[in-house]
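After the structure tokens below, expect a handful of questions from me.
As written, the chain order gives the labels A, B, C, D, E and F, with residue 1 at the start of each chain.
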Amino acid sequence: MATLLNNASAPYFFLILSLTTIILSFSPSHSSDPDPLQDFCVADLNSAILVNGFPCKPASKVNSKDFISYVLAKEGNTSNVFKSAITNANVQAFPGLNTLGISMNRVDLAPGGIFPPHSHPRSTEAGVVIIGEVLVGFVSSSNVLYSNVVKAGDMFVIPRGLVHFILNKGHGKALTISAFNSQGQVSSVVPNILFGSKPTIPNEVLTKTFQVSESVIKSIKSKFAS
Amino acid sequence: MATLLNNASAPYFFLILSLTTIILSFSPSHSSDPDPLQDFCVADLNSAILVNGFPCKPASKVNSKDFISYVLAKEGNTSNVFKSAITNANVQAFPGLNTLGISMNRVDLAPGGIFPPHSHPRSTEAGVVIIGEVLVGFVSSSNVLYSNVVKAGDMFVIPRGLVHFILNKGHGKALTISAFNSQGQVSSVVPNILFGSKPTIPNEVLTKTFQVSESVIKSIKSKFAS
Amino acid sequence: MATLLNNASAPYFFLILSLTTIILSFSPSHSSDPDPLQDFCVADLNSAILVNGFPCKPASKVNSKDFISYVLAKEGNTSNVFKSAITNANVQAFPGLNTLGISMNRVDLAPGGIFPPHSHPRSTEAGVVIIGEVLVGFVSSSNVLYSNVVKAGDMFVIPRGLVHFILNKGHGKALTISAFNSQGQVSSVVPNILFGSKPTIPNEVLTKTFQVSESVIKSIKSKFAS
Amino acid sequence: MATLLNNASAPYFFLILSLTTIILSFSPSHSSDPDPLQDFCVADLNSAILVNGFPCKPASKVNSKDFISYVLAKEGNTSNVFKSAITNANVQAFPGLNTLGISMNRVDLAPGGIFPPHSHPRSTEAGVVIIGEVLVGFVSSSNVLYSNVVKAGDMFVIPRGLVHFILNKGHGKALTISAFNSQGQVSSVVPNILFGSKPTIPNEVLTKTFQVSESVIKSIKSKFAS
Amino acid sequence: MATLLNNASAPYFFLILSLTTIILSFSPSHSSDPDPLQDFCVADLNSAILVNGFPCKPASKVNSKDFISYVLAKEGNTSNVFKSAITNANVQAFPGLNTLGISMNRVDLAPGGIFPPHSHPRSTEAGVVIIGEVLVGFVSSSNVLYSNVVKAGDMFVIPRGLVHFILNKGHGKALTISAFNSQGQVSSVVPNILFGSKPTIPNEVLTKTFQVSESVIKSIKSKFAS
Amino acid sequence: MATLLNNASAPYFFLILSLTTIILSFSPSHSSDPDPLQDFCVADLNSAILVNGFPCKPASKVNSKDFISYVLAKEGNTSNVFKSAITNANVQAFPGLNTLGISMNRVDLAPGGIFPPHSHPRSTEAGVVIIGEVLVGFVSSSNVLYSNVVKAGDMFVIPRGLVHFILNKGHGKALTISAFNSQGQVSSVVPNILFGSKPTIPNEVLTKTFQVSESVIKSIKSKFAS
């Protein structure tokens, strides 16, 4: 696959149109949003008034460009501890999605890369593998792991709110495109949330949670300190 | 692009894993479905009881394979009047989507191909162009056309229920992957609905609708008769 | 029926209280809106802030008159190409409907008049024929036409988002009153959307859609140019 | 108005197509139902399985007649204590409404008749007066009464779940047609619920509620005993 | 139970942390609200803009204290005609609940006290008896009374929108804690709504409703005049 | 507080009516469920047909006892690694909650006990502390920890889908009663899901997730093996 990405046909392909660096912000996710009450309501991200979702731009300022987004065309920068990058096309990045109840993201995974266990608090995820081969797993609330190796062209689904992960199992890069049934997708990434929050979760909570000594907790926290 | 599809790197790419023929059934689409009431409810497509959506398979028969689908990996057969093919990954094709409020489809367009004006009665569509370059347009209920040329890697959105079309504007094949915020996506394709329904719509309705003579209506009907 | 409308008992009847001209704006329709979060939220149609739906007037300015509307009492002007008139009592016309998830319209049809094929992007329609006799038909996404001749006093239903039409089949005027499960009902009227949009849909799209020559498309467009 | 109903033009009008007696069952009402997951799901009222709403008839048994109803054409029998009659066109009476989130009713009021204070537990009501002149009032949860005299052709709205009443204020019969944003509309009629339930509400509850003696309670109960 | 409340261990118990007087405002209640579109949206109760629900405080002003409320800790003042007190922890009292679709209340009942028949226009209620023993009853829209004596530790449920009451059946005080599936819970209390509204409901409506003489109506009204 | 639980007045109090052992099943949780379509639909837990939620018992078999539950009256058995017990009153335990969109649970915490980090995939939680003093914390998807010490009588809220924990900070037992805006509440408990699932999550996933050696992962897994 690395071969493909470097060969002559690559320029025709969108994945590497540019190697723009994407800030690693773990925040894909979604839900069944309130129904739209008009044809569209393009988000005014700078409104002084904040509501459930976003206020709309005046209709007179809406044009065709509000319904197209270029953010998914750029490969994310995977030079980080997880060797992965999440690029969100949610309402914050693509204001035309406001009130429409859908969003997308792309996940780039370097060889060996992982999108560690996380959940989307308010939506289901359906994804397609575009490049490579990944292990996708989710755990039900009854503690049953459901997992599949998903190859390019195949589709997977993660039920709303369940913890799941994506691991690159191939020899080259991997790329997935996922959709979420909420415009305001976010992710709760387990290691960041438990060991890298501000302020930090008390060690007493974490030692009791994982049944380990405080030194183990401190060691993990040191890797996720921000 | 045709070059890419025929060259040596193609086998790595999912689009042409096989050139299986897909029956041209115009039926992508969607909505904000009722929320799920359990982790999952894999559809029992053969249940004797029919409900809003589908009944569930017993949990004891659910396994990891219920959450993966291979239908999007196959290129559709575009040998038809519209030179396009729609392949649905909705709950009928991917039962694991049941109750989860999301689905996908792929649209293959031969050079010059079109997915003619249609609407999804119950959902918004968000799509990504994977190969090629298409003209995507929708018309608001105020009769304003919003359209964009969308290139590989870029994303578009079609608000719920609005009439829209996709036209291949490139020199080679085009491929889009779209997501819908309803598991049971269907399409109402304008020419088929108006001129190819069973039974047919009375000519009086159509002549008055389009302000044309009956001979024009009969001529169009002859092309969509089934 | 024309007799009834002109006879002495007519003054008791609301249909012709006045022959006010209603601008022909094709825009009935709707959906399952977000639930209300307070007893009522009368729309402030002039708010500087736009949201999904409308902001509310201050409670101190709400009085009984906010919950009554007179717009449906006026017969519409059917002097137009379709010999029909649509009068909406949606939230724009009746601000008290805001957040309440319901609206109405009236459709007046002169003899031979039609409300041409259209869809309501976000709601189901249930209607009652008040005067006359109409042919009501809708086409499912499987291209099956369901139609009935509906007489005064009888009720029909059009599932959400499906294309449908109403044709006056009687010798006199016809009148229907419909309800929609969304306060912000609008209509996407097929001939206007396809042939009368601003900007216009490219002829290439329409010739491929209807499999006709460009001259036919130009001819139809000339009748819907605005 | 009684004159109109008996005069020569009446046969053209649906209200008295037949003077069929309608059993006085106080049960109009509504809500924002779960969204439909298919084009339609005509209720199977005799299914052995009961679900939220109703299971669907097989698609092969659905035809055009499932989408029309004749129940609203018949005038109700107002020979009862309230001099009024409610005729419901909800999913039980019109199975084609199932999953579609809308229903209707008609209220016939003899001179002096009343539809006493009641609420619709799960929906908003929007109504049109077809004949006569009525006083429509509802009380907010803050105990404010909003009321209007509504004449033929005019429209009113009752926010979801609020207690309201309709009183015939004219000299003749009155008729209203209302719509509800739920297919399974029902009514909770205050006098019947408080004084005519089975089993009866303990007198202690009612004397404390209305701050009256037990004899007053017993007297009222005697009028609503069933 | 009164003993418990007066004994030495009582100070450890929250019920009487303070005997603050709570204004008797009958307004608990609820519904299935629109889904949240972000992690949280703490209500800005003083916003100049009013929407369905409340606008949000800026995220920069949100802190941990927004997610805790002390209002339920205070016993209500039951020195009133019903010998009961309702203390609401809805979004107006606890702004952190905004957009989250849940709220609570506490009902204090002196010996013999009653929370008279009322309904929550937009939500279901689930409650737990904390102290004492109460009779909880609701009446279905088919006029069937369902009632139970509910003791400390036991739970009851009242379906959305149905009329219900709570009567203290024990010898001491009673306390219930209820939850509602709407952040903006309110109550429509039957005696207050029918006999204490502003303006008042016409006597004609009430005499016809309860089939009593005007003097009985006037007598009841005199007790609920505000 | 331990004093209260052991003293003479305790028998009057529900918390220790009996020290029944409750199986430690971590599964509280919730969401905004589809609206009810009838007054009630008491779950038939043994139906051969499975749907989104549960089918209903026939109305003829429903009686008052369907709307009361005794499960919350029993203290849970906290003799386990977390020194805590969760007792659910969701639709599985209290079938009358079916379709009504609400449920409850009780959490018993021995001194030092914890309900470890978990999320409710489909609902918001609002809770009241009945006995004791607990630390309640949740982490937003932006990795911000919001936490409060919550004392008896006080209320807290946890936004839908976010990871949170409850730690007993007092010297005696603690008890909380929580409500959820979904009838089918479940919990995804982080340590159980990540280290105790069946089958287990591959060590490669967990070492990369927490940036620790495989021996640490194996050690934690050994404590959660089932």
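In the analysis below, a contact is a pair of C-beta atoms (placed from the backbone, for glycine too) under 8 Å apart; a residue touches a chain by one contact, two chains touch by 3 or more.
Listed by chain with UniProt protein names: A, B, C, D, E, F = Germin-like protein.
Predicted model only: the values in this text are computed from it and were never measured.
**Q** Quick check on the contact graph: shortest path length from chain C to chain E, in steps?
**A** 1
**Q** Which listed pair, A-B, C-E or B-C, shares over half of the residue-numbered contact pairs seen at A-C?
**A** Checked against A-C: the matching pair is C-E.
**Q** Taking each chain's centre as the mean of its CA atoms, which one is farthest from the centre of chain E?
**A** So the chain farthest away from chain E turns out to be B.
**Q** Taking shared residue numbers divided by all residue numbers at the interface, is the value for chain B and chain F over half (same) or under half (different)?
**A** different
**Q** Return the chain whose centre of C-alpha atoms lies at maximal distance from the corresponding centre of chain F.
**A** The most remote chain is C.
**Q** In whole angstrom, what separates the CA-based centres of chain B and chain D?
**A** Roughly 41 Å separates the two chain centres.
**Q** Centre to centre, by mean C-alpha position, how many angstrom separate chain E and chain F?
**A** 25
**Q** Could you state the distance in Å from the CA-based centre of chain B to that of chain E?
**A** 49
**Q** Please output the residue numbers of chain F that touch at least 2 other chains, ranges allowed.
**A** Counting only residues that touch two or more other chains, chain F contributes 31-36, 39, 49, 51, 53, 121-122, 141-142, 159-160, 162, 186.
**Q** Quick one: do these chains touch in a line, a ring, a star, all-to-all (complete), or other?
**A** other
**Q** Which two-chain combinations qualify as touching?
**A** A-B, A-C, A-E, A-F, B-C, B-D, B-F, C-D, C-E, D-E, D-F, E-F
**Q** Using the touch definition from the top, list the residues of chain E that touch chain D in their complex.
**A** Listed in rising order, the residues of chain E that touch chain D are 27, 29, 31-32, 81-82, 112, 114, 116-117, 119-122, 135, 137, 139, 141-145, 159-163, 165, 167, 186-188, 190-202, 204-205, 208-212, 216, 219-220, 223-224, 226.
**Q** Over in the complex, which chain D residues touch chain F? Could you list them?
**A** 31-34, 49-53, 121-122, 182-184, 186
**Q** Could you list, by residue number, the parts of chain E that touch chain F in their complex?
**A** 1, 3-4, 7, 9, 12-15, 17, 32-36, 39-40, 63-74, 89, 94, 96-97, 100-104, 124-126, 128-131, 136, 138, 140-142, 146-148, 150-160, 162, 177, 179-181
**Q** Could you pull out which chain A residues touch chain C in their complex?
**A** On the chain A side, the touching residues are 34-39, 41, 44, 47, 49, 51, 53, 55-58, 98-99.
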